[in-house]
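Okay, so subunit A shows up in both of these, paired with subunit B first and subunit C after.
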Partner chain A sequence: MTGFRLSSGGHVDRAKQIGFSFNGRQMTGFAGDTLASALLANGVRTLARSFKYHRPRGIHAAGVEDPNAMLAVQDGYGYDPAIRAGQVRLVEGLQSKSVTGWPSPDFDIVAPFTAAAARFMSAGFYYKTLKWPNWSWYEEAIRRAAGFGSPNQVKQNRVRLHRHDSCDVLIIGAGPAGLAAADALSGFELDVVLADDAMRPGGSLQWEKAEIDGQPGHAWAAAVVSRLQAAGGRYLPASFVTGAYEGNFFTLLQSFHDDSGVAGECLWKLHAGRVVFATGAVDRPLVFQNNDRPGVMLSSSARRFIGEYGVAPGRQPLVYCADDSGYLSALAMTEAGLQAPIVVDTRAEPPATCVKAARAQGVSVHFGYQIADVLGGKYVRGVKLAAADGRITTLACDLVAVAGGVTPLVHLAAHRGTRPVYDAEVAAFLCPQLPDGWVGAGAVTGVRTLARALEQGVTAAATISRGKTAVPACNVEISPAGGEPLWRSSVGKPAKMFVDLQNDVKVSDVALAAQENYSSVEHLKRYTTLGMGTDQGRTSNINGLAILAAQTGRKMDEVGTTTFRPPYTATRMHAIAHNRQQDGYAPRRLMPAHNDHIVLRARFDDFGWERPDWYACNGPDREAAITAEMNAVRTAVAVFDASPLGKIEVSGPDARGFLNRFYVSNIAGLKPGCIRYSVMLREDGIIFDDGVLACIDDGLFLAGPTSGNAEVVAAWLEKWRQTEWPDLKVAISPVTSNWAVIALAGPRARDLLSRLEPDFDISAVAFAHMHLRQGQVSGVPARVARVSFTGELQYEISVPARYGAALLQKALDIGKELDALPIGMEAWLRLRLEKGYLHLGSDTSGRTTPLDIGMGGIVSKKALDFIGKRSLSLPFNRAEDREQLVGLRPLSGRIEIGGRIMAPGETSVPCKTVGNVTSACDSPSAGNIAMALIEGGAKRMGETVRIYADGKVTEAEICSPVFVDPDNERLHL
Partner chain B sequence: MIVIRCPYCQQDRHEEELGYGGEAELLRPPEPDAVSDEAWADYLYFRNNTKGLYQEQWCCASGCGQWFKVARDTVSHNVVEVVRFDQKLATAGKAQ
Partner chain C sequence: MLSSLRRPRQRKATPVTLQARSALGHEFGRRIPLGPLGIPDVTVCERTDFGCLMLSSCVDDSAVIGRLEASVGCSLPRASGAVVVEGAYTGIWLTPRSWLLLCPLEQEFALVDGVGLAFPERMAHASPFTDFLCWFSLGGDNAENLLKQGGFISLAKGGLPVGHTRRTRIASIPIIVSREKSDDWLVAVERSRARYFHNWMQNLVTT
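Let's turn to the complex of A and B:
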């Protein structure tokens, strides 16, 4: 096969030449070409090597159904490591490269070895070999040999969009049936979306010779689209409908093209009221010896290259068919001025009309022959034909256009669970029962002629609009009516007859699968990998299952098809992720004083909100800064931005009773102005929130969930209020981001607070620990809570968020005299560890109950029911060997977070473990300290345990988790 | 994509805008201390897992925030009935 550009014909713009490269060679094509048509026009024959046997591969089809032409392509916007040449619109400067075959697909070093080893590399050979000593020894080499593209570092510049939309009617496919439906729906005030994967409307009308309503088919198509758009309908070219979902929702992948390449993609989630299913059909190839040679191509693709792109795929064509559509190719070739093709029809008596039309053009037709073999090593040079009586004839040719029949593209209907059913008359799988609201039209329903397709399109529209429109008149040379399927050649070696060209699956592999009892079609697929390539078996599935059926003596319907799943075609992950990347992935939440933290040289980290982990203004490196910050809290005062702390106002006459159903502590007696620390449980008794609760007055409480739980707790309270206790008079208002919180912690905290001008008494007596005061601080409204996460004297000043930055700044400025430092999260968390205060999610696991953390006394004192209470008395929650929270001091070595506590008596791994280290740090005052959850830990105080971490075993002593100021004197300063 | 019309704010919402709350009409024992461990564990962990029409609760999470009840076919995802939380679904009531 040597392809060449025809001197006229096709819909390419011959006035616009486009330069591109393939494997480093500069070539030219025209605007309107695909990369495939341009490569063919430049005489490229071998594009790739097959992935297992490294046999040469050329262009087999013109579109996404091509199993072979996977190339690495770079355009002006990005790089695709493996994409089909037929899918790529040719643009200036495009670079393309083969991804298999080294050093080149024409001359591949591995090929002779794989040719010799082929008989040992049948389907599933890797299940039986390459095991000793270790599979991973072979894996690297096999991956390299298989090829299929490597990523590069080029950043994509494609626009990524997504869209939720709806329409009254979705027409899937802008071929003759879909267009007829679209035209017939106009005037009925329906919102119509017409989607098609090609760049131009018309489907096969782009290349078939046909007249509709007195115009050439492609012109009629363009006119229908203009009419549709004028009436307000939407036409989406270059758009694949990739998935069909319940509720008549569809995913649709729309791509935008310009002269530099694929400029962007938009992923639609489209809801359709009604659906016209007009996806068409794809040619099915014939299976014969060496049918994978470059030069063997789908017959419809051969005439598509001629009709749409003005490219002849070869000079000496031969049409091999078991179906009438082969004759369409023969006529197209003669009309394009090619040497009259030879038609080899496997049928003994093909339709007289077809034969007559072909012979009238000088085409010679031979019937009742099969191809016994293809001659030529790297590309087709000829074929050997076998007559019914066994006589062999040899014919020279450089192109074999195969037409075995058609496969309707029923995938989208199958996504919805409709099983495709074999129709013997059409020799194809059809979906006669479509989902609710769908109506089928055109080749997808099994019809073969243009007239029937147009008629079905109009009928489909009539079903939806309940109106009546005329069917457009059409004129074609010959009407293909059908064929006689020949699933595989009866002459030739099964080991050289290819069923799936992408994955090198041969007829002998199908036989092998059946022989090894992988006789279900799903097993056939996975055992042989038939249909598992990027072409999704579009041209190989049906042949494969037909051969399996014959092999196992079953009917087509008994074998059935495999399950079709979205996406219908390969979709870039980029398009699926669209703008949910980097900052679009999750909104960054910034605190009101964010810019002030930047000025202080904060090193931020993601704690759900962006918060300073430490401040570079406090020391030359992280550890030095953290030490300085911790020391400031223990000896002077530090200023901490606590704005993300959860804040939920619970108000109403029933607020107290409502909240008492959630907290483990009894809050019946929590007086106005008082604060209590408590935990909330799930119904199964597991702790899911800890925090402080403040009583402002009998009708208003302020719940303070841990920062990470702010939204979760608010939703939890609201759910129980609505679904369980709707009669309670209580309102829940999340106000977390309404209030900024600046905390002052350290022995000088009161001094600093007083300099911030509170308008109420803050003396130790008037404002004791665990109390709340409201008033003004520095002239703005404030709620000040005296609570401590650090074990030092601490005030948390809440002001309306718009004053947060100013308050932080003022506290630091005034605090300079008191040696105040800003303090970040890491130092804050180490300080609380020194005091044995738990950090939810670190020191509690998904199984920790309040009994495990020493709150048994509080629980037993509460007679009223609360969520989770009943579960605490279940046997497994009362067991002695539950993991309990304790402290650890090192005896040898250093304790690290995550270390596993080895069971008593164990000295080396592997062994049973009884817990793990949940928090650990180096404290300036206490040294290396840790907390751990250990089975029965509460009763093991003073015992030594061994800890395994990172390959080392260390020893530690179980102790109380309070390492600094165990009598809590500093809290009450 | 399941689409449900919120009976409170009267908007058609895609499932992406809604929160799911599992089986509806679960009775929390009014006197938890009076029920056996087995009965309590049953309430905690056991749910119907119906193939077919199922009563469940949903929340208009991105909209008005109200919880409501839905009868949905778990095979076809067809939403058959939607009521406010203070009403009872007529479809697929429990056998007990």
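Let's turn to the complex of A and C:
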């Protein structure tokens, strides 16, 4: 095939020449060209090699249905490693490169080897070689030889937008049917969105010869769009509808182009009240020997190149058809001034009107022939025709335009779960039952003529608007009515007949799959990779499953289709990501005093909120700083930002009884001003939160879930209130972020608190451990809880978040005299480990109950029911060999977090294990210490256990988890 | 709130020695214009010039809700998404039994106390809420388009009506969106995410 630019015709701007390159060769095209049309115009025949066999590949289709023309493209805004040439608008300076074939697609070193080995590389050969001999022998070589495209460091400068919108009517497709619907909906005050993937409206009207309402089809199309926009409708060109979802939500990918390339993309999420489904259809190819040669092209694409771009795909064309539309191509070719094509019709008796029209233009027509073979190595040079009686004729040609029928593009309906059904009359899969609110129109419903498409568009609009509009009058040369499907040639070698050009799937592969009992269409797909390429089987699926049906003696409908899933076409990941990159990837939650922590040289970590892990102002390195912070708590005072701690106000006459159903501890007797620590369980008895609960008054409680669980617990409380106990008079008010919390911990904490001017008595007698006071601190409203996470005297001061930073700063400034230091999370967590306090998620697993952590006494004393109580009575949860929380002291070596407790008697690994180390640290006060969950741990105090971690075995003694101040004297200072 | 744990006796007023700061670190109690965004024709301000309470009722009972309205001096909307503006007060519907009440900043805690006194049994409750949310005013022709980049505001024809509120997700976070006028929007995000949301707005572009 040698394509060339026609001297006239097409919608390109011949006054504006565009320079571009392909594989380093400089070429020119015109404004309005795609990369595919420009390459054809420059006579490029071979631009790729096939995936498996490295056979030469050329342009097979003009648009997204092309399985071959994947090229690496760089424009003024970015780089795409593999994109279809037909999807790329030609711009000045565009660089394009083949991504398969080395050193070039014209001359590929690998091709002779794959040609020789082809008989061993049938479908599924890799699965078989996974068993024998050994896949890894040649895995590396195959990986290097296969694949499409390579990444590149070129920075993307494309603008990324998202848009969430709604409309009354979404019209998918601006072909004749969609446009007729849009025009008919004007004037009904409906918010209409018309979306189409092409740059210009009209669909096939851009290249087919047709008149509508006395105008050329493409002019009528432009006029309809103008009217739509004048009436307030929205037209989205260069916009693929990529997915259809429940509730008539759709994703659309809109591209913005300028003279430098794809300047940006907008990912729409659009909700539509009603939908006009007018996505059209694509040509179905015919399957015959060596049908993958460059120069074999879809018939409609040949017309499109001629009509829309003014490019002839070949000089000696031949049309091979089983469908009337082939004759349209023959007429288009003669009218464009090409050598009169030969039409080879597989039907013995094609429609007389088509034959007559073709012969009137000097086209010779052969009936009842099939192509037995394509001649030529790298491109088409001719064909061998087989007559019904077996006679073989050879014809010279450099272009074979194939028309096997049409495949309606029903993908979006199938996204919604609509099952395509085979229609024998149309010889295609259709969706007769569309989702609610959808109306089909045009080729997607199986209609073949322009008149019917326009009529259906108007009818679709009338269904929505309940108005009546006249159908536009149209005039065409010939109206293709249909064809007789020929799923594969009956002449030729099945091992050379390609069903899926992108993945090199042949008729023999489909037969092999059937023979090996992969007779489900889903198995066929995965075993042979039919339809799994980036073209998603648009030109291969139907032929493939028809061949499978024949192989297995089934009807088409019995075989069915595979499942269509979004996206309809490849979507750049950065269009989906939008601003969700780097800092925008996930919201970082900042505490009120965040900037002050930065000034203190905090080293942050993600604890759900950004929180200081340690402070560089406290030491030259992490361990030194943490040691200093811990010592400050044990000997002086430290200041800790506890703002993320959960705070949920539970109010109402039934608040006490309501909360008592959640907490393991008995809340019934919790007096105003008192605080109790407890845990909450799931229904299966597993701990899912721990925290303190404060009673403010008999009708108001303040629940304090862990920071990471604040929203989860609030939702949990609300869920039970609404679904199980709606009659309880209670309200739940999550208020976590309203309050900043600054904790003072250490023996000098009271001293520091007093300097912050609380307006209430904070003496040890007046303000005992586990109590709450409300009043003012430094003149602002405050709630102060005397609770401890560290085992030291500790106050948690809650103030409105607007004062949080100032309170932190004041505490540190005033606290200098008391040797106060800021303290980070790591030191805070090590301190609680010293004290044997639980850290949810570290010292609990998905199986830990309160009985496992020593709360058995509390549970047994609570007579009232609570969530999870029944589960705790089950034998499984009461078993003595359950993993129970204990402390560990090393006898040799050092205990590390995550170490596995080896079963008694085991001395080396691998072996049975009976638990794991849940927390461990080097404590300035207590040395190397740890907590662990160990089977039957509570009854094994004093035992020696072996721990395996990081390739080493250490010995430790099981002990109480309280390593510091076991009598709690420091808590009650 | 100030009195519920303390027996009533005269307390010495302690001078306020802490400086109040907004979520974005600005002076508190004002309407602060924020810098230009990547999208033209949009102005944005951080708002800390009003206070906020969260009101909740234990029951969906008109008598109880009526008493609550009387205790705060503002009607409370009963329809989903509705907003009531009465003088210096704005009531925003959250759920059938909870509302936000926007009020003069200096009245926040007094109103909370007032509800506490009106409902000693706690059939209704008020929580101080000024600091929970960070409020932004957005104005201009492109304000709605800015929000639409981040999520669905409303599926109603014509968009969110003026005088209505919606809780939705924009930029992957929960948000309260209130349409004050055709091109004037009041939005609120939870305080810890304020910086993220502001950065998100700043990083938006248009074609």
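Here is the rule we use: the second predicted complex is superposed on the first by the 942 of 973 C-alpha atoms of A that agree within 3 Å, B and C clash if a C-alpha of one lies under 4 Å from a C-alpha of the other, contacts with A are read in each partner's own complex, and residues count from 1 in each chain.
In this section, a contact is a pair of C-beta atoms (placed from the backbone, for glycine too) under 8 Å apart; a residue touches a chain by one contact, two chains touch by 3 or more.
Keep in mind it's a predicted model, so treat the numbers as computed, not measured.
**Student:** Tell me which partner A:E246 touches in the superposition: subunit B (first), subunit C (second), both or neither.
**Tutor:** first
**Student:** Touching A:L39 in the superposition: subunit B (first), subunit C (second), both, neither?
**Tutor:** neither
**Student:** Have a look at where A:K719 lands relative to subunit B and subunit C in the superposition and call it first, second, both or neither.
**Tutor:** first
**Student:** Just to be sure I read the superposition right, which of the two partners does A:N738 touch: subunit B = first, subunit C = second, or both, or neither?
**Tutor:** Touch partner of A:N738: subunit C, not subunit B.
**Student:** Between subunit B and subunit C, whom does A:D865 touch in the aligned arrangement: first, second, both, or neither?
**Tutor:** Once the two structures are laid over each other on A, A:D865 reaches subunit B alone.
**Student:** What is the contact status of A:D684 with respect to subunit B (first) and subunit C (second): first, second, both, or neither?
**Tutor:** In the superposition, A:D684 touches subunit B alone.
**Student:** Applying the document's definition of touch, where does A:L874 land relative to subunit B and subunit C: first, second, both, or neither?
**Tutor:** first
**Student:** So, A:H271: does it touch subunit B (first), subunit C (second), both, or neither?
**Tutor:** A:H271 sits against subunit B and subunit C alike.
**Student:** Looking at subunit A, which partner touches more of its residues: subunit C or subunit B?
**Tutor:** Looking at subunit A, the partner in contact with more of its residues is C.
**Student:** Across the two complexes, find the residues of subunit A that touch subunit B and also touch subunit C.
**Tutor:** Residues common to the subunit A contacts of subunit C and of subunit B are 164, 269, 271, listed in rising order.
**Student:** For subunit C, which residues are in contact with subunit A within the complex?
**Tutor:** Of all residues in subunit C, those touching subunit A are 1-2, 4-6, 11-23, 25, 28, 48, 54, 56-59, 97-98, 109, 120-125, 127-132, 145, 148-157, 171-173, 190-197, 199-200, 203-207.
**Student:** In the complex formed with subunit C, which residues of subunit A make contact?
**Tutor:** Those in contact with subunit C are residues 159-166, 168, 191, 256, 263-264, 266, 269, 271, 578-580, 583-584, 586-592, 594-595, 609, 644, 649, 651-655, 672-673, 696-697, 699-700, 729-733, 735-740, 757, 759-760, 772-776, 778-781, 799-803, 805-807, 810.
**Student:** Contact residues on subunit A for subunit B in the complex?
**Tutor:** Within the complex, subunit A touches subunit B at residues 164, 245-247, 249, 269, 271, 683-684, 715, 718-719, 722-724, 726, 865, 869-871, 873-875.
**Student:** Which residues of subunit B touch subunit A in their complex?
**Tutor:** It comes out as residues 1-3, 14, 19, 21, 28-29, 32-33, 35, 37, 40-41, 44, 57, 59, 61, 65-67, 76-78, 85-86.
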